[in-house]
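In structure tokens below, several structures.
Shared between the two complexes below is chain A, which has chain B as its partner in the first and chain C in the second.
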Partner chain A sequence: MINKRLTILALLIFVVLILSGCADYKEIDETTLIKGIGIDLTEDEQIKYSLQIIQPSPNVSQGESQNGATSSGAVTISVVGETIDEASRKTISLTGRTPYYGHSELIVINEKVAKKGLQKYLDYLVRKHDIRGTSIMVFVKESANKILNSKHVLQKISAIGIQHSVNGMNQMGYNITTDLFQFMTALESKTIDPVGGIISLTKNLSSDKNLPQEILASFGGVIFKGDKLVDWLTPKETRGYNWVKEPKEVKGPVIIQVPGKDKTQKVSIEVKNSATKIRPVIENNKIKMEIKIKSLGFVIENMTPEIQIEDKKFRKFLNKMFRQTVKNEIEKTIQKSKQNGADIFGFAQVLNRKYPKKYQQVSREWDSILKDLEVDILIDAEIMRSHMLK
Partner chain B sequence: MKIIEKLKNIFENNNKIYNQESLNLEDRDKLLHKIKFKNSMNENIEQIKAVFGESYDLNFRKIKIGQEKKVAVLFYISGLVDSNAINDLLKNLEVDLLQINEHLKKKKVDLEYISDHILDNQDVELLDDFDNAMEKATNGSSILLFEGSSFCMVCETKGLKLRSITEPNSEMSIRGPRDGFIESIVTNSSLLRRRIHSPHLWIKDMKIGSLSRTRVAMAYIKGLASEELIEEIETRLRKIDWDTILESGYIQEFIIDQPKTIFPLVERTERPDKVISNLVEGKIAILTDNTPFVLILPTTYNMLLQAPDDYYEIFPIGSFIRLLRFIAFQMSTILPAFYIAVITYHPELLPVSLFLRIAATREGLPFPILFESLLMESIFEVLREAGLRLPRSIGSAISIVGALVLGEAAINAGLVSPPMVVIVALTAIASFTAPSYALASSARMLRYFFILLAGALGLYGILIGFILSLVHLCSLRSFGQPYMQPYAPLIWSDLKDSIVRHNLWNQVKRPKLFGGRTPDRQPKYQKKTSPEEDTK
Partner chain C sequence: MIKGEKISSLQLSVLIMGYIFGSSAIMNPSARAKQDAWLAYIIGWIGGLCLLNIYLYISQNNPGKNLIEILKHYFGNYLGGLLGLLYIWYFIHLAALVLRNFGEFFSTNVYTDTPMSFLMLSIMTLIAYLLRKGLEVLGRFSEIFVPITFLQALIVSISLVTLFNLDNFLPVLEFGFQPIIKASFSILTFPFGEVVIFLMIFPYLHKKKTIKKVANYSFLIVGLILLTITLRDLLVLGPDMFARYHFPPGITARMFPLLDLDPLIDNNLLIGGTIKMSVCIFAAVTGITELFNLKDYKVLILPVITISIGLSIWLYEDLFQMHNWADKVYPYYAIPFQIVIPIVLFIIIFFKNRHSNN
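Let's turn to the complex of A and B:
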């Protein structure tokens, strides 16, 4: 009896082990490790799909460098397909291995694709389970393939480099970091429009011959209306967006021009502990928005040698200019948002949260409301310290 | 039956028949029980010679006692006896010749008189049971045979060469007593007595093994250990009918509750302090002659991961070390499986740079990772076993070959990936943290089980394996006691001495299921109070 049971149990275990088919089993040397994805359109509107693949070289293990995995090289391949899935599978014809997206961290999208409407192109990336929702999305004027093929100053694998650059520039507020998940959330939402970061090729100013003429740099952002790219933001405008949406990230510098004959007299202010609140106000049945920003500044660079920071008047002036500059930056961005009818600040979202009924009433004509929306910007900012030890 | 009867008749007529080759062990045993001491001394000597056959180590020393020159024979087996004890015995027999003479005038040879008055400082016993006397002789006693008496005098002259008490090799400790059990049960029980100066420590002995007749003793604190448990263990011990008991492992195998498990249901130790600390919790120890390994039962899983050092160091350190040991032990079972599962099923769990590193090392390797890990684990087990068996002088050579040549060469030749070597090495080191070798061995087997599950089902498989082994562990009983206590069933008061060890003054109670008869170990909390409080 016991023997019979044992036999059955052993058989069952055997079956579990053998017939489970090792459903998701993959040997890592039978997959291509993808770090970056690029999407372009060909002239006949087919998809040109680029993948940055890491070439794991066994030599790495021999202690060639101590920089960790970054010493492995990468190669960018490109295929044309009618759908992204087709293109993705076509890459096997080049590599002989299945693409593995689990570690991809960057999605580069060409302007043309974004202008056509992104939803259909992103569907595959969202549907496929192993693509990370935290992959950074960047938009480019050049072809995505070219960007992936361009050289990053430090990283051999440009996808990693771009991702670092985008993330790093965040602290200046001159770039926007949006990952796939955030982008899709904004895209699916009716009350907010998505934004994205950009990467571009800029001229190499250094005379280092090891660097190519054009190198990757990350400045600015893009705004969407629905799933279509509508406008590009300058770095300053991008920061205007970040003041409102990501105030914690912005570290400065806010540059203040000191009036006088000498145009080079400037003060840089580092920003810390910013916080923003957007509040809808309804006055006489008219919708108004109130943006309140609280911030602390530190003088980190003073290019006016003849004026001391301790001077009360000067400090007062700096305080005033600090608020003014921030306000200007925000206003410009709001202006751009209104022009394009893209509600990137999510004013509708704020309204819907506080006055859902009101929003229901106006949701149909929100676009026209946005155009004339009055936005009050109240800034409570002060320069606290001068970063000097006497 | 008839044949035996017949043989018996023949035997009574002629002792030499006993040596007939046609007799098997069983028949010989039966005959042995039937032999009795005769009145004639020479006949007795013949009988002894007959049962021992051609053995060379028998000694018969003829001595003459008293004026009458009464002939007696001292029989002993050389090597088992202490020559000093023999000399003392002979001297004693000759000292009070006068006394004997006077006494002998009244009676013939009075053995009781000799044992009471002449050999009064010696451990002497009168026996008429031939079988029993022979067993005593094989134990190192000398047997005094007298002409005209069917009694023999068994004198304790045991003088076995024993190794000295040293620190046990299998259970080292930084702090703690350095003595360990040796191969003599008498010495071992004295090591226990040395630690408990109280008559409440009872050590009850019995003979097990039809041929070896090994002395086995149960030690317990009377009044603390549960009577039912003592009775149960004694019945189980008495049921053992095996020819030779060479080691306590033989006993262990006969008495455990569930033979179909890889987990040790009985703890064994060479440390007297460990035995005592368990006895005072209401457990029972089984001492076996000729082995330094003492069994402690009932055993719990928790016990197996506790080392004496935990108690000798202050409690935060003790707890930390114990916690470390628990984690390391878990790691030794699961680490290779986890590595396989993550690499083959869930590579997205790894940080990118780590994954790239591993991916780079796996490029162009000939074996799939599952096979590679099974291979490496097996190689390690082989090395370990070889290192254990090889003479010490060659052992170091093997470790060099194993570690350097195999490891280095395998990586350089591109046969295995370096991370796999790291994982196997880590696992091996972690497995040595378990204080119980038996538990570490069970972890070694579990490891393969987990590797296969991880290779087939990934982390899901590991989880299944974990649940299965947990269910199995919880179902185990050691002498009726739950193996996983105090976790399952959960006993709150016992948790003070589980994964962490609390202050001794805080452990007021004995383990509930063992020491329930006398639950309090100490009067209420003895926490040291501050001087101000003392004066109040």
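Let's turn to the complex of A and C:
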């Protein structure tokens, strides 16, 4: 009998212990849902940490508009701290809630921070267990806080808007989508240097009164040497990078100037099914790189009304120019990469993968080898169709 | 051997698979070999297969006897008893190590604020219940849950196929053979060599003849599943990040866009870990029963479990010690239990057989 009673007592105590709740529970109204993270430096080199938080509102569900843009707003707060963790916890003093990073989609980093060496500032974001590696990273010349606070044309939560814009511009090749994990992988690797996308404020050209003077737009990219930002890429140079590293993303247009008196005569070519291969070649103990690009072009716009695409000569000219333009874009980016000694194309990686022994011999003086590395660009591109018109 | 416990071939098979899968679902010593992890893994796997067949040979030549009885039979009561005692220590220690892995994983990845000892206590309560019901219940438990773990592992692997980057294999043999051999040795001792514990379980198999087939097949199947996990982690994370994280599979599962797959990994560890610890503790208690000629092993379950919980908390001060132990010390610590003693036994049995045949 006593034994049975003891068992029941023990069970009851156990039940009380277990049913009293989880030790690790997180109530949704006690957490802040973070969508965007911004990192700036103050003048005395402390971290100015901004968080874009979804503003809790009781009637979010009613505010769904038809184009899928939610009208629930976001608020961006900012605190200063010595470390990112301190700053992150300090936000509790403003919101009264613990930050929860599981939904973050965007990390905005100011130029100054990136020039100081980014690895130390990213450590927290990679180490913390609830941050997903799939957040997009963008770099800005303005303060990250200002960017997060700027208005996006469609999205009320600018972090989501920026993420969409950067992803979208990647299609044109004019921006680079790098997520936190890809960035860290490039940082950890000794044979490739990281790149990143950018976002900036541009003048609003529309006279719509609902839009502010300056709106968010995403063009261009940045290149790193190690974990330090060294240079900015123009949109065309960014596409030069994308031709080589993300050929599937690039959809064009490649613009070709038609010679003649009229300077406005141009042809736009849409690009499909591009594929790239980088191959190291060793000739007489000298390292050379060979970039091979295969691509198909569709003429999508012809601003020379007097000539049709059907014309064989014209097509031949277009094909030649198509190859030439792509080649020029890539060459410019390679030039920039060499200037800065940043191996963003991963030439060292390619060499190491194909000829590990050779790379080990030269790995110490790789910087000087990169400076005058010969790169052959072979382009196999052809115009295939011309859409609806002949 | 304890009377009255019997398991079927299928149950033995799922037990072996669940046991090997166990904590390897989250920890992968082959990551040290960077992009050659797969090669290290395969070498370790083949080595493990050889070891398994040595264990099988020992068991088949001593039908109905468990490891402690075999040791006593060949080494005499004193030396055999001493070796048996060492093995019992090893089994309890192993249970504690797995328990600690389990606790560390959950407090790093999932329940960051819950006290680790509470997590350990909860799982051990379940194991105590499971073992009190006997080996057959453990077998049936595995029959239901092990297929689920494999399914989950495959779901995670297949859904990540689009993120695979085959270039992560290159360059092959960048750092030469030495790191590969080291890593493959780690793989050999954890998890494959740990199958030595099944010398305590083989005697309970109902149909003795199927033992060789069952063990080898289940070893190959679980090896393939673990190979897909290794390949997946390497291909998704890349060699540098693969070596950088504490528990790569948890991160790999999070790479899937817009979907959190990591509960599936947690599940795998939960099931695999339960089976592994249960087998360890079962082996330890039956070993003690055998060594000291006791009648009932069930009274020993709670004390042994309590010891292993205490041991697991006391084992390391921190996570870094755990990784250091798993990477650097454990492979050598396991040599006598997994390799030296079984091979000595194998040689003795082999020559005795030849002698009697002549």
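By definition in this document, the second predicted complex is superposed on the first by the 358 of 390 C-alpha atoms of A that agree within 3 Å, B and C clash if a C-alpha of one lies under 4 Å from a C-alpha of the other, contacts with A are read in each partner's own complex, and residues count from 1 in each chain.
In this section, contacts are C-beta pairs under 8 Å (C-beta built on N, C-alpha and C of every residue); 3 or more make two chains touch, one makes a residue touch a chain.
Here the structure is a predicted model, which is why all the values come from computation and not from measurement.
Of the two partner chains placed by the overlay, chain B and chain C both lie in contact with A:R132.
By the document's definition of touching, of the two partners only chain C reaches A:K354; chain B does not.
In the superposition on chain A, A:G168 makes contact with neither chain B nor chain C. In the superposition on chain A, A:M184 contacts chain C only, with no contact to chain B. For chain A, the partner that touches more of its residues is B, with chain B and chain C as the two candidates.
Contact with neither chain B nor chain C is seen for A:P259 once the two complexes are overlaid on the shared chain. In the superposition on chain A, contact of A:I28 is made with chain B only, not with chain C. In the overlay built on the shared chain, the residue A:P212 is in contact with neither chain B nor chain C.
Chain A uses residues 22, 24, 132 to touch chain B in one structure and chain C in the other.
Contact residues on chain B toward chain A in their complex (touch as defined above): 343-345, 347-348, 352-365, 368-369, 414, 417-418, 452-453, 455-458.
If you check the complex, the residues on chain C that touch chain A are 108-115, 118, 167, 170-171, 173-174, 237-238, 240-241, 244, 251, 254-255, 257. Note for the complex: chain A touches chain C at residues 22-24, 129, 132-134, 181, 184-185, 188-189, 352-356, 359.
Residue ranges of chain A in contact with chain B, taken from their complex: 16-18, 20, 22, 24-29, 33, 54, 56-58, 60-61, 68-70, 72, 100, 102-103, 105, 130, 132, 160.
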